[in-house]
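Take a look at these structures.
In the two assemblies presented below, chain A is common to both, partnered first by chain B and then by chain C.
Up next is the complex of A and B:
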């Protein structure tokens, strides 16, 4: 009888493990592709993502900010983002993409695409 | 060096404008003093230069910034200090600069027809000087709200 109990427990545990893993992985991936703007800074300051990833910046500050790439061709450039507004950009090519806030140029960050 | 002095989140251009505007505000007070001493020619040069210099600063620095950062969000966001201060500064500042130019044209040139020229110079000039300082203080408040993060950190 105890063997049946053990087996049932193992099946339930395995089921939870299999069901839970992708969910955790998905959450981790989602968190890693979001950059929070708060207290006049980008967080994380440097974000590493695989090519093809869409990165979303969300302004949690009570000040407007922008997200503008530093390269001459301005690969990505948001409009002015007010509180809780978002901007997304998909990085298709590998490389390092430094960016800044054009209103507050001392606010900088970078996305490293592998 | 100017960045080290300010230690704000402002771009260099905004710091330069702040210093320039403060200097112009003081310059107008010096100009007013010149009029009281009877040095009217120097007074005219001083005030005219400042009104014209300010016009250039407004056209080159302030209007583009206002157009990009504030205009798309008003009137919807006027409840926020960030937009309200900048908009009030811009509105009163426009009136003041236009009044300054009107005095300049009226007192310093013969461009305007006789009937449009000012007769009560002192009242006009004193009013514009007071307004100028109100606008300057509003500009400083706007700078503080936009660029001094440690005052507003959560």
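Up next is the complex of A and C:
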């Protein structure tokens, strides 16, 4: 009887593992490529991602903000993002990409692409 | 940024508007205050002080409007504004016009050598002070003076 109980427990555990793992992996992946703008700051300030990753900035602040790369060629530059608006950019080459908010130049961050 | 680094300060495309805006706001509000006091106390000296404050406030709106538009064109590449930024732009323009209108009412009275300024200027001045204050409040909000930015 105890064998049946153990087997049932194992089946349930396996089912949960199979069902839960992709979700956990997806959430981790999503969290790692998202930068939240809130309270006049970027979070995380420094984000490390592999090449080919698309990073999304979401403005959760009450104020409008922008996301502009600091290099002369302006690798990426968003329009003015109002509350809850998003901007995405795909980093295809390795390197460090510092950026700032052109409305609030003290707001800075960087994306490190490996 | 070093506070005495002139080159950095002058080349900061965004910074001048935020600095210059304080001059017309302060001059206009104190000019209106002098005018109300001159009306109440019937003092020509206060009326003269009001006139010159309003004159300099009106002149000071020119670089403020210019630097504000330049900040929009340079930092945001002239993109279509909306929300608080649009409201700030519209109210800033309305504020500048009202400051000039108030000064012009005073100027016209002085030019005609009339003794009494028209009474209708007082509500116009009061409305202008409110709009200037609201515009400044929006600007302060935008610049992040209430936050760590």
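Keep in mind that, in the parts below, the second predicted complex is superposed on the first by the 114 of 114 C-alpha atoms of A that agree within 3 Å, B and C clash if a C-alpha of one lies under 4 Å from a C-alpha of the other, contacts with A are read in each partner's own complex, and residues count from 1 in each chain.
To be clear about the criterion, contacts are C-beta pairs under 8 Å (C-beta built on N, C-alpha and C of every residue); 3 or more make two chains touch, one makes a residue touch a chain.
A quick note: this is a predicted structure, and the numbers were derived from the prediction, not measured.
Asker: Determine, under the contact definition given at the top, whether A:64 touches first (chain B), second (chain C), both, or neither.
Answerer: both
Asker: What is the contact status of A:80 with respect to chain B (first) and chain C (second): first, second, both, or neither?
Answerer: In the superposed model, A:80 contacts both chain B and chain C.
Asker: Return first, second, both or neither, reflecting whether A:44 touches chain B, chain C, both chains, or no partner chain.
Answerer: A:44 sits against neither chain B nor chain C.
Asker: Check chain A for residues that touch chain B in one structure and chain C in the other, and list them.
Answerer: Residues common to the chain A contacts of chain C and of chain B are 39-40, 63-64, 79-80, 82, 103-107, listed in rising order.
Asker: Within the complex, which stretch of chain C touches chain A?
Answerer: 12, 14, 75-76, 79, 81-85, 141-144, 147-149
Asker: Please give the residue numbers of chain A that touch chain B in the complex, ascending.
Answerer: Residues in contact with chain B: 38-40, 62-64, 79-80, 82, 103-107.
Asker: Enumerate the contact residues on chain B facing chain A in the complex.
Answerer: Those in contact with chain A are residues 9-11, 68-69, 72-73, 77, 80, 82, 146-147, 149, 152-154.
Asker: Which residues of chain A touch chain C in the complex?
Answerer: 39-41, 63-64, 66, 79-80, 82, 101-107
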